[in-house]
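Each chain gets a letter, A, B and C, in the order it is written, and its residues are counted from 1.
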Amino acid sequence: MRLRTTVTVTVALLVPTALVACGREGSPPGSVTALLSGDRQRLTYPVSHHARDTGSLSLARAAARGRIVIGVKSDHPFLGFEDPVTGQRVGFDVEIARMIAADLGYSAGRITWKTVPPQGRETAIAQGDVDFYVAAYTINDERKKQVSFAGPYYIAGQDLLVKKENRDINGPAGLKGKTVCSVTGSTPYQRIQEPRFGAKVISHDSYAQCVQDLIIGETDAVTSDDTILKGYAAQNGGRLRVIGRPFSTEPYGVGLAKNDKVLRSAIDDALEHHMANGDWRRAYEDTLGRSGTGPVPHPPRIQRY
Amino acid sequence: MTSVLFDTRGPRARRRHAIYSVVVVGGVAALLTYVFLRLLDAGQFTAAMWQMFSYEGVQRRILAGILDTVKAFLLGVAFSLVLGILFATTRLSVHRLVSVPATVLVEFFRAMPLLIMIFALYNTAWLRSSVTAIGGSLRDHLGGPGSWLAATFASPTLWALVIGIALYNGAAQAEILRAGALAVPRGQREAAVALGMRKGQLMRAVVIPQAVRSMLPSIMSQIVVTLKDTSLGFIITYEELLYAGKLLAQNTATPTGYPYIPVLLVVGPCYIGMCLLLSTAARRLASLNGRTATAPIRREKGLLRRR
Amino acid sequence: MHVLLDNTDLFLRGFVGTVTLTGLSALLALTVGTLLAVCRVSPVPPLRALGTAAVTVLCNTPLTLLFFAVTLGLPMLGLSRLSYFCLAVLTLGCYTSAFVCEALRSGVNTVETGQAEAARSLGMSFPQTVFLIVLPQAGRAVVPPVGSLLITLTKNSALAGGFSVYELFSTEKTLVENGYAILTVFAWISAAYLLLISCISGVFRLLEHRLSVVR
């Protein structure tokens, strides 16, 4: 009896180990990394070496540890994404974060990425868990009470994602009687429930589950910021389409510790610099531009306050 | 096979039961076939959906998910048992100053949904700062092993999950232990008092060991609940097995959608397997224990007895 | 305080959502749980096996995984026109039913053997014995454990908040998204749960008192 138990436990432990040893290398086809590989060399940004004036708590802390900690999201393809297989970070927000880090004097190798769930972002920024936060973070007054914002670095807006062949829905007016999916409690979810849209709203924990529902025909559209939707359209190569008529304004800002004016103006400078030299545009083309939605937008004007 | 609940079957009953059996087996088989065919129809068994599992990186990720689940589970169980004993003894205390706060705490933690508790803990400032600080000092003072410890354990998400699990399950374990302690025969306490034992001694040496013994099955099933509770880590992005599965699924886009169903078919059995392993261990332990237990195990005596 | 006053409608909606969700799931759980328990003690072997298998799977799967499977899997099985509220009730009800079944089974064990023997000697069939004699007596014995199962169910219903069902946890998520301090929101949400749960345990204490008999 005891022998049999020992054998069973050993086998149970060995089988997964043996399986791992005989797997294929690389990323599975259809994954974000596989979509990116091969066609284009990765964007790089020259690292600035001139010393920053001090007076910023966050920058002093980063200098002490020799690394900068950036808060991002991990589950938005081509916006803020972490490949669960290789750990590679991909996306427009990620590129923006790399640009800022380069101008603050941190090369790609000296960045520590930290995935912060949306419900924990104000705490993470206020607590100094992250030095700054770049992840589809809309600037608004309620949030300004808890954190400061640099930017905006992109003007997003709530939009709709539909199947490529769907011609019925061409904007929010076409939603009457249709089913729309969004993430529970999010701003787009709250807005789409307004009676003027007349839509039947369902919600999930993640946008990927909404996109799944869209593909299998459970919902007619997915609604969120156009950036997030463009990422899913790019990931699902040509099968989905973003309408491209945003019906809200969501200025994306870089979140940072409240009243750290030095860091805020440093980030604003970095954004302005990379918007002017074309890095911003190249970053967009390499990520969200893959969705094939309209022309590349113009970078917004930085609002210093 | 007979039981107290029904008569020994005659030829007619046997025939009738044979028909029922065929209907039940046929019905279940038909249902499973229907499910399989519908999933096949929805393109859930295409090569594109399943080939991700043949990649080493994906397999490693699933294994890492299992390890992270086990890590949170072991820490959660350890702390919940310690807390359980602490809460139970304080609640049983004769000093109201001790027992009343303990009762309030236990009742509060039993009434709060774990999901909401983990969510709130993750957003508690002192928890984050102390975990980060401890991680930093481990790294600074202990060198190599210190940085391994910090990398493995100094994560606010892990501790928010573990503390949440420990408080919730600790309160549940405390109630189980308290019920066990109250069921210890009076004579045991009286004998201990007659021997001149102090209150603490009486608890430690007489009451708690017997309570643990008689309540072992309930304690073990609460431990299985603890294992299942680790999957609530998704709310704060703790990367346990289920969360890793979801990430893997949404990383791979195929013409028929994301491979959620294949991931479920892989991850589900992992959880069921782990829980069954635990329950089997629990039964072993209970039967070992049965030989020496003061309270006889009652199962074989009642209506469910097989003749 | 202003969080509560400014968002009374959200809190009310969440509270009502949690109450209806819990109530309907509890009804389903009690019904399915009783049926499963009957299956597990029935004379037909495949029924017993079915009951055991269902209980084993449901007891050993995290509820999160079950929710995930139901919301993603059932639409593919052609049940797409079921609302998410129904799906949530189904999931919570089935999950809890496994535990109700186990509680009832141990309740059955507390019934005197003589009761079942007397029923059989009166010529009662298995369904008659179980439904008229055994289960009513077993039911009294399991009032406290079923009460604590329903309390667990109330708390578990928070999980449904992630899937199109509006309840207290969705209220919390919405308010946090709108920028309110999380710990203040948490305090009010926990107060609501405490209220709900003390009501349930009060009702069950009353039931226990009314139903208890001296044996």
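Simple rule for what comes next: a residue touches a chain if its C-beta (ideal position, glycine included) is under 8 Å from a C-beta of that chain, and two chains touch if they have at least 3 such contacts.
All values reported here derive from a predicted model rather than from experimental measurement.
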{"item": "Contact clusters after notional removal of subunit C", "value": "one piece"}
{"item": "Which two chains share the largest set of C-beta contact pairs", "value": "B-C"}
{"item": "Most central chain, Cα average position", "value": "B"}
{"item": "Centroid comparison with subunit C (C-alpha atoms), farthest chain", "value": "A"}
{"item": "Centre-of-Cα separation between subunit B and subunit A, whole angstrom", "value": "34"}
{"item": "Separation of mean Cα positions, subunit C and subunit B [Å, integer]", "value": "18"}
{"item": "Where subunit A and subunit C are represented by their mean Cα positions, the distance between them in whole Å", "value": "38"}
{"item": "Junction residues of subunit C, two or more chains touched", "value": "72, 76, 182"}
{"item": "Junction residues of subunit A - those touching two or more other chains", "value": "119, 123, 205, 209, 212, 216"}
{"item": "Sequence positions of subunit B contacting 2 or more other chains", "value": "42, 119, 123, 234, 246, 260"}
{"item": "Residue numbers on subunit C that touch subunit B, as the complex places them", "value": "41, 43-47, 50, 56-57, 59-65, 68-69, 72-73, 76-78, 105, 108-111, 113, 116-117, 120, 126, 129-130, 134, 151, 154-159, 169, 172, 182-183, 186, 189-190, 193-194, 197-198"}
{"item": "Of all residues in subunit A, those that touch subunit B in their complex", "value": "12, 16-17, 19-21, 23-32, 74-75, 77, 82-86, 115, 117, 119-120, 123-124, 126-127, 129, 205-206, 208-209, 211-212, 215-216, 235-237, 239"}
{"item": "Interfacial residue positions of subunit A with respect to subunit C in the complex", "value": "118-119, 122-123, 140, 142-143, 145-146, 184-187, 190, 201-205, 209, 212-213, 216-218"}
{"item": "Subunit B to subunit A touching residues, read off their complex", "value": "42, 48, 51-52, 54-61, 63, 66, 119, 122-123, 125, 128-129, 132, 156, 234-237, 244, 246-258, 260, 273, 277"}
{"item": "Touching residues (chain side subunit B, partner subunit C) in the complex", "value": "1, 3-7, 9, 13, 17, 20-21, 24-25, 28, 34-35, 38-39, 42, 44, 108, 110-116, 119-120, 123-124, 224, 228-232, 234, 242, 246, 260-261, 264, 267-268, 271-272, 275-276, 279, 298-299, 301-305"}
